[in-house]
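Labels run A, B, C and D following the written order; every chain starts at residue 1.
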Amino acid sequence: MNYADYLKLGTLLSLQDPESNRKGKPAHDEMLFIVIHQAYELWFRQILYELDLIQDIFGGRVVDDADLGRAVNAAERIVRIEQLLVAQVDILETMTPMDFLEFRDLLMPASGFQSEQFRLLEIRLGLKREERLPFNDASYDASLEEPARARVRAAEERPSLREQVDAWLSRTPFVDHGGFHFRDAYARALEEMLAHDMKQITDHPHLSQVEKDVQLASLQKSRAMFDGLLDDARYEELRAQGTWTFSRRALQAALFLFLYRDEPAASAAFRMLKALMDIDETMALWRLRHALMVSRMLGRKVGTGGSSGYDYLRATADRHRAYNDLFAIATFLIPRSALPPLPEDVRRAMRYRYEA
Amino acid sequence: MNYADYLKLGTLLSLQDPESNRKGKPAHDEMLFIVIHQAYELWFRQILYELDLIQDIFGGRVVDDADLGRAVNAAERIVRIEQLLVAQVDILETMTPMDFLEFRDLLMPASGFQSEQFRLLEIRLGLKREERLPFNDASYDASLEEPARARVRAAEERPSLREQVDAWLSRTPFVDHGGFHFRDAYARALEEMLAHDMKQITDHPHLSQVEKDVQLASLQKSRAMFDGLLDDARYEELRAQGTWTFSRRALQAALFLFLYRDEPAASAAFRMLKALMDIDETMALWRLRHALMVSRMLGRKVGTGGSSGYDYLRATADRHRAYNDLFAIATFLIPRSALPPLPEDVRRAMRYRYEA
Amino acid sequence: MNYADYLKLGTLLSLQDPESNRKGKPAHDEMLFIVIHQAYELWFRQILYELDLIQDIFGGRVVDDADLGRAVNAAERIVRIEQLLVAQVDILETMTPMDFLEFRDLLMPASGFQSEQFRLLEIRLGLKREERLPFNDASYDASLEEPARARVRAAEERPSLREQVDAWLSRTPFVDHGGFHFRDAYARALEEMLAHDMKQITDHPHLSQVEKDVQLASLQKSRAMFDGLLDDARYEELRAQGTWTFSRRALQAALFLFLYRDEPAASAAFRMLKALMDIDETMALWRLRHALMVSRMLGRKVGTGGSSGYDYLRATADRHRAYNDLFAIATFLIPRSALPPLPEDVRRAMRYRYEA
Amino acid sequence: MNYADYLKLGTLLSLQDPESNRKGKPAHDEMLFIVIHQAYELWFRQILYELDLIQDIFGGRVVDDADLGRAVNAAERIVRIEQLLVAQVDILETMTPMDFLEFRDLLMPASGFQSEQFRLLEIRLGLKREERLPFNDASYDASLEEPARARVRAAEERPSLREQVDAWLSRTPFVDHGGFHFRDAYARALEEMLAHDMKQITDHPHLSQVEKDVQLASLQKSRAMFDGLLDDARYEELRAQGTWTFSRRALQAALFLFLYRDEPAASAAFRMLKALMDIDETMALWRLRHALMVSRMLGRKVGTGGSSGYDYLRATADRHRAYNDLFAIATFLIPRSALPPLPEDVRRAMRYRYEA
């Protein structure tokens, strides 16, 4: 066992072969371009590998609590890797547009759009074909060659992590436990909060009727918003319109976990949701850094793969996200003082057995 | 002289007074909220202080070469500070929406929109009132109180750094030097490059007429694009439409500096332009991180200052930028092989005198 | 409620008063020097505030599991803040030695050694007076003025977080549970592992007696090392010599938590230990960055407070650490395959009550 | 041209082959261990490639001013890459000691000590065999296999960047220009400054003779220190003792560049020196992060390659540095007010020719 053999360095370090050298017009910065993209692909490989573990755990009928901890660790590791991917952009920005121009034409029509691993990553996290932005009137995998395209399509057929997490959340035990039904308890707490607010407005000694009407209308709006999460029929309606992606049960369970995350049995699950949000947000940041870098490199030109560049990449940062629903949960939180206290039997169930 | 007195720590460390404590409902995380915003304001103060130096240097009739170096250092320091401001968001994200909710209502209607220093920073970098996105149908300074609003308006009356840089670029000596006129030389080089490309297409033995037509149309488009920078009348037309902000002379000089940045006398000027782009881009990144953080904290609710939150902040990242023109220059670069060589007298003028 | 009043910006932004201005020899970079140190002190304030919460939780007779989660969050937030403190050094490094020299003499004999908050932070994390490196033949608080010095000394009298964590670890319930005694089970597992290794060496068909003796000696060394943790008398001996700081029970419990961290009831406790190690390591990194920066600024001169500069600061990075013992635990880990499995009743006790 | 072919992804992504899988005892985290080390080696490759450019430029008889700018860019890029290498440690720290233990024994005796590229990097930057710390009583390249060892030894025979920079600095034109001799002018300025200080002490109305003696002794010490740089014989003496590595002419030129860096012709040279210091310091930081990570992973055990681990790595951070002399220059700076002004002809020589 020897370092170079273990890491297969002989081969690894022979894979950088600038096109500009082959064409007899060496461009110094092409080496950086190759090395940084190879580093990206190595890290994509690692992210997919961590996703294997997470999806194995969430793909089962039950997620064992010890396994959940391991999945959280893997998800938090993915976040760290993504943060490095963002930081790597700093290095690419040491290349100026003029340097890029020296070899750019030689690469056409190759393009980052052809990264199979990146597509697999998006798909496995949960991005759906129909949620993708159209790009130059072609499907996103049009520029992939076979058999990469077939592999990408096969991945689309398998359950994504988002779907697995949905099923797992839907099974959360405490949301309905004995006589406790979280949805109802939360709806009642909201009703009381809103009724209290309404009475405060109606009885206010100094507000004019016009001012009261404005504030009451705003209350009405809040109620409608909460219905969008808590009312079954309304939820399905919104889901059909694309406002929600997760199932109603899953999202209500996620809300429960946000609210009661301090209870031991909610803690690891809450960390898992937080890690998914971090994965989503850091990926969005990477897309943004990528977009800004492209704008810097190309100005208003089109990309090597023919992309309209900045605008498209910029838009994917907002739109190609798999866990928007989790971010939306913040909309539905209420202050701790208004929160329905957990019944003692639910609270006890969420504690460790060793406690007396 | 003593550390605590020098830094006025007695006062500094007494300025954190959580509203939730005063109201008798202590919320642990409000302290972080105060400290991080105070840290932001301290750093805004430092950025404005560095801008003082830079604007003093660029505000004069001539920018001395030794002073230019000092201005570049100050601009690069601003970039570093902005990078720290971006990193600070990581700390704020350790606060969860539920923690924020504990004290959020107590702050209304106070809002980051009321940061005078941030407004001054935007204005002094070059953002114009008319370039700002409308916000809740009110002018951006509506929520500022006097005398802050008056100070902000006074700053709008003074020349911004963008205007000073425009004037400085317009004076760049080598752009027209002896018989050398950069604009003409560059236009000729482009013409030759395009003519060569056209001939290659027309004479191509294997392309069909349809294919030739497509490629010739694309060439025509490139020529029109270059006219947008190099043709005086066309430039002014586009500038009137808002495509360009800088004056034509300034932007052509910037292009010259991008192309010949390796020449000693272009080097510091090019670094200044690069630092301005970095300032612009890092500020955009900060806006984005801020927007993402707000979306995480509030979901689809409105901000404490009544802002429609995420969407507005998100949009400012794209639109509230002062140096977009410099990013656009990348569009107009051509490969070194097609670049007009500098006449010997120009090249010599751009070198140090010590050379024989 | 208004942004500027809430943050007390009127006062905050008036506290930057460069000495070089007062002396009529304005030095541009003194402002940065003041602002960055004020930002450091703001963040020290926040760290101390988070330590209040953590020490309140660990200072009680029992640490409730829900509270432990909150303590972990606060500890992880401290790590994030420390990472920012490290990143801030990047900004200070934009100041060159020549710039510093312009105002350095005006500050003497003020020095960062006089930061009361930094001393409190060290003390409260667990650093003891007798563990500190001597500095210029004076006690570390000699340069503090009253009443700061009295406050620092009072803090030394109160239990530090390290002591509180020691007491908490010593109470870990599963380490001795029913018939299970972790120390004994672990010692037996080690004994078996070592016996197996010894037999492999002794029976080895190809090794010479000399080679066997070398390997057996190495085994003997391993056994002695393990005794240093598991044998009561030996542990106390080593503790008296300063090799260990934590009590034997606490450290064995920490080892238990490292080994069985995947069990739900160990998970939050393990994260707490990890956060303490991160706090320790990031603080060490900050000391190192600080030392390197000082070496850059002063070369081989002495600091404004008379410190022998780089060497002292450099050494504190290694020596002024409170949680070295936790790092040493890695020495005593054995592979999972050799690990004694937890008895079923212990394993069950570490699970949530809701599980069937 | 296609993305996967261009980057040779088919091969690249087949080079991760965990030993634990081959041995039938899969350890999840070994993949991370492989990927991160491969990423490190890719980046080492890029650093060596940038060093090729820099050494080509500095290896010539003259460094053209336009080329110097390119060398500075390459050096600044190396700094960025090193910063990424430091950040990568964060990812490795998501692996716990227990996870590492699962596959650690399988790797023996492979070790990072066998990284040929890292050795080349150290050598080419300027680290000498005789400056290296002894390691386990063997030369640092003992664990390298042929032909790697031969390549490393060949690299030791070629001029390092430090030697090339030494030669380049020694040729700095303005240090002796016409009647101006920087060393003499600086020595005179120092003499005056010290004489002035001495008179102030001697004539002081309130100081006791004892106090005066103390301060005069300190002045005497300063003078001796300056002699260590400015006196030829004393310099060579100190150099023989290892206090200085650079030649006297080179180091005095570096001091000149530090002092007059605002002059255009000094600016790029000063940035080059600053980049070399950044390279040195960031490499030291990486060694430190590496050492801390090893201490976390192994506690007090020895490394896979048999290294005594933490202590050795820790010590290399201080000792394996190539540009310590440049850091020491800060010792010899004097305030601008005491600085000898440049004669007008020198100042003019350092300006661009375009000025009237």
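Of note:
Here, contacts are C-beta pairs under 8 Å (C-beta built on N, C-alpha and C of every residue); 3 or more make two chains touch, one makes a residue touch a chain.
Computed from a predicted structure; not experimentally measured.
By residue number, the contact pairs of A-C overlap by more than half with those of exactly one pair in B-C, B-D or C-D, and this pair is B-D.
The pair with more inter-chain C-beta contacts, choosing from A-B and A-D, is A-D. Across the assembly, the mean Cα position most removed from that of chain D is the one of A.
Note: centroid distance chain A to chain D, computed from Cα atoms, is 41 Å. Distance between chain centres (mean CA atoms), chain A to chain B: 29 Å.
Multi-chain contact residues, meaning those touching two or more other chains, occur in chain A at positions 261.
Residue ranges of chain B in contact with chain D, taken from their complex: 65-66, 69-70, 173-174, 177, 261-265, 267-268, 348-355. Within the complex formed with chain D, the chain A residues making contact are 1-9, 11-13, 15-17, 19, 28, 31-32, 34-35, 37-39, 41-43, 45-46, 49, 53, 73, 76-77, 80-81, 83-84, 87-88, 90-91, 94, 106-117, 145, 148.
Chain B contributes residues 25, 96-98, 101-102, 105, 225, 258-259, 261, 277, 281, 284-285, 288-289, 292, 295-301, 314, 318, 327-337 to its touches with chain A in the complex.
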